[in-house]
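Input: structures, listed below.
Both of the next two complexes hold subunit A, though its partner changes from subunit B to subunit C.
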Partner chain A sequence: MIVDLLILTALLIFVLGAAMKRDTVKAAIALALASIMLSVLMFRLASPLAAVFELSVCAGLITVVFMSTISLTKPLTVLEEERLHLRGRHFAVLPILVLAAAGLLVMVGIPTDLALPQAASAQDVRSVLWNERQLDLLGETLVILAGFFGILVLFKDKPTGVGRTGAAWLKAERFRKEKSDETTKVESNQPDPAIRV
Partner chain B sequence: MNNQTAEVLRMMTIFIPLLFVVGFFCVVVTRNLVRTLIGIEVLSKAVTLLLVVAGYTTGRTALAQACVITLIMIEAVVVAVAAGIIVNVVRHTDSLDRRNLEELRG
Partner chain C sequence: MAAFLIFVPLIGIITLNLPFRFLRRFAYGYAITVAAAQAALAIFLPLPLWNRVLAHFFGLERLDLSADRLSLVLLLSIAIVMFAALQVGCFTIRSGKRRFEFVNLVVLAVTGLNGAALVHDLFSLYVFLEVAAVASFTLIALERDKLSLEGGFKYLVLSAVASVMLLAAIALLLMSTGSTAFAAVHAALLGSSNPMARIAVASFVAGLCIKGGLVPFHGWLPDAYTAAPAGASVLLAGIVTKTTGIYTLIRLMSSVFGPVPQIQAVLLFVGALSIIIGATAALGQKDFKRMLAYSSISQMGYIVLGLGAGSALGVAGAVFHLFNHAVFKTLLFVNAAAVEEQTGTRDMDTMGGLSARMPVTGATSVVAFLSTAGVPPLAGFWSKFIIVVAVWSAGQHAYAVIAVLASLLTCAYFLSMQRRVFFGVLAQEFKDIHEARLAILVPEVVLALITIGVGVMFPRVLETFILPIRSVLG
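On to the complex of A and B.
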């Protein structure tokens, strides 16, 4: 009971860190730590398979995806970073809001005297997944396929700007166009050597 | 429901809404697209915990775990595609600010 309370408190602290941290890399790391705490909690709540999935996918794969995204989309200037975090001061009220919500929940409370259904006989997760939740598995497969094609389309190379990011590519193109315009202007002003005056 | 289960349920009825509060606040307040995605992830974690607690309380842990596994798989795909969208938004608008997407210019 005390252990569960400590794990839940750590989970809440890491989640607050993920929401409030100014540096997005540190926020992603805090989210990964929150996933680890959630995984430990799931083990304690008799859900080991779900805990393993949470640990490997959320704490592992999703953190890697976040790090890749952050590295590819790092704010280009210090000014951009400052502007994006202008709303950072609004996050200062988040711990106060969380404490107020906690106080309200402790005082009012959500009723827990539920009329529970009869406990089912012990079942294996694999038999439930393959026998009872077949449509879920089909849906998962379709979602994974849709995600795969979505990412292929999103990361398709531009025909001319291979290997460049949008902004740098546009700048390079504009510079090249100006240079070629200047060269054309200089060439057109030169007298034709074939014509003799 | 035995005493231990009742205690766990009582604790979770306080902590799970708090996770929802943090997730919603993060999604609504921030203008940074990456931070919005982090907020969506926090909301996902709250739902995952709620499913596991529901399974533990009712004794149907197998069904709860099956639902959680489905949720985690779909969440991973959603995050991957959202990350791809964010990278493309930065390539087009040179910014992570969501206000640049409000005018729907191609």
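On to the complex of A and C.
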């Protein structure tokens, strides 16, 4: 019981660190540590499969993805750092809010006499996943597909930077054509001939 | 049969994205066919056939997907809005590549929404709502300029908060009732007074209010609707926000939680607040789409007000207003897209007298605004009337009066919009514009005809559409 409380407190501290740390690398590491605490809790609750997933995916893979994304960003300028420091003061109230919420929950009364379902063994989890929750697997495949499209659309090439509406785009195009002497073929911006009015 | 509504779009997306360039030409035609087929099925296929085991073919019958009357209304709305969004998007986006991406994302979003309409399990509902949400984030940020990214990011953050609340609620309900299926949770919740179940229900409703953009959780909605490209705004305003927020609320209130007096009180309050604040904020807007976004918030308040009335009539009115709002709000956003494309701006103060050069757009916008304001005999009048009657007969006289008075506010901001944009003297800089292209006129006319038709033929609609819904909620 005590061990669980200690792990939960550590989890809370790391999560608050992830939310409040102004350096993104330190925040990502705090998130990884919080995931590790969570996976330790899952081991203690006799769910090794869930714990392994949490450890490998959240603490491992997600942290790697965060680190590689952070490595693609530029370091902060002096002005940006100052502004970040000033704005960061707001977050000091976060731990107080968390403690207040915890106190409120304790007062309202969390029932401790729950009839929890039996923790499933690895075999049970696999059979449940494939036999009973197929619709969720389909849904999750769709989410991954949607996320894949999101990355393709948002990150594949540079933003065009022209106006968004058709008329504004047309004006910009005409202006650009008048300005340049040689015919620049902006191939990707030609209207698709297959789609007719 | 119901499973096809998810698998056919999914197989279509996978096929279209195979590495053969020539397939891209079929994207738009394929998506329009899917929308038309879905609309036809929703109107003409009788309900028992929806749940028949046509799907024995591929072992799809093991998936727990089935439709009832409420789902059919939503599926029809999804099909209509998808059609309008594809027309607007494919004919306002210039880049062929962007257009292909747009079609893919719309089909993906619609797959998620169809799934949300057809499932009978809390967790599956959550997963399919996430599909629609992820597709929506990308749709908002499609043009990747600063405003779109900001609008998409705001939606992403607030939607993530709402998802956390939904997940926590599902976990708590699983712990207190032992299952996530609608029927099982409903049965287990009937007798118990478990405090965890109550926290779960409250968390669920709060999460859905954030997703639905109800006041005071509406912070993301005006920015997201305004910053999104024209086709994405049509889809978002027309159906995505409604399904992820309001439809899910209706489904849960009727199939899972049952009539809980505290939640009804909260819904009545939130609904009335959304109506008033949405309408008041819309009065002061200069940007056309931003005004329509606040108007959406206000109309969703009406739907939630009807839901809070607690009676079967209230829920029927809410569902009817959901359908009507999908139609007339989509029409308004299509008009906004047409105006924006022709004039290059959304600032209403610089426009004027556009209906001289854009008569069809002007006329259909008048139909849409009269329906929104609840002027008979258009469709909006009937649904608002049913909601007001339901709220009044539930004893909530004050809320009913607020709903009626807010119609005046609705009339006010729309008249102001019409005066600034369509009526009056044609602004000099716009004297060379012409009517929107045929591809955008078609959805305008179709949506206007639906609004007028549903309103004029209301007695027929009452028997085939509204009264059967009440039997769902028996």
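The rule is short, and it goes like this: the second predicted complex is superposed on the first by the 138 of 197 C-alpha atoms of A that agree within 3 Å, B and C clash if a C-alpha of one lies under 4 Å from a C-alpha of the other, contacts with A are read in each partner's own complex, and residues count from 1 in each chain.
In the analysis below, contacts are C-beta pairs under 8 Å (C-beta built on N, C-alpha and C of every residue); 3 or more make two chains touch, one makes a residue touch a chain.
Model, not experiment: these values are computed from the prediction.
Of the two partner chains placed around the shared chain by superposition, subunit B is the only one that A:A28 touches, whereas subunit C remains out of contact.
By the touch criterion stated above, A:Q134 is placed in contact with subunit C alone, subunit B being left untouched.
In the superposition on chain A, A:I96 makes contact with neither subunit B nor subunit C. Using the contact criterion defined above for the overlaid structures, shared-chain residue A:L16 touches subunit B, although it does not reach subunit C. Using the contact criterion defined above for the overlaid structures, shared-chain residue A:D4 touches subunit B, although it does not reach subunit C. Within the superposed three-chain model, A:L154 lies in touch with subunit B and with subunit C [touch as defined at top]. Once chain A of one complex is fitted onto chain A of the other, the partner contacts of A:V143 extend to both subunit B and subunit C. Taking subunit A as the reference chain, the count of touched residues is higher for B when subunit B and subunit C are set side by side. Within the superposed three-chain model, A:M107 lies out of touch with both subunit B and subunit C [touch as defined at top].
In the superposition on chain A, the residues of subunit A contacting both subunit B and subunit C are 109-110, 114, 116-117, 133, 136, 139-140, 143, 146-147, 150, 154, 165-167. The touching residues of subunit B, when paired with subunit A in their complex, are 1, 4, 6-15, 17-19, 21-23, 25-26, 29-35, 37-39, 41-42, 45, 48-49, 52-53, 55-70, 72-81, 83-88, 90-92, 94-97. Of all residues in subunit C, those touching subunit A in their complex are 6, 10, 13, 24-25, 28, 62-65, 90-92, 94-97, 99, 101, 104-105, 108, 111-112, 115, 119, 121, 123-124, 127-128, 130-131, 134-135, 137-138, 141-145, 148, 175-176, 178, 194-196, 229-230, 340-345, 437-439.
Against subunit B, the residues of subunit A that register as touching in their complex are 1, 4-5, 8, 11-12, 15-16, 18-19, 24, 27-28, 31, 34-35, 38, 41-42, 45-47, 49-50, 53-54, 57-58, 61-62, 65-66, 68-70, 72-73, 75-76, 80, 83-87, 90-91, 94, 97-98, 101-102, 105-106, 109-110, 112, 114, 116-117, 119-120, 122-125, 127-129, 132-133, 136-137, 139-140, 143-144, 146-147, 150-151, 154-155, 165-167.
Per the touch definition, subunit A reaches subunit C in the complex via residues 108-111, 114-117, 133-136, 138-140, 142-143, 145-147, 149-150, 152-154, 159-161, 163-169, 171, 188-192, 194-195, 197.
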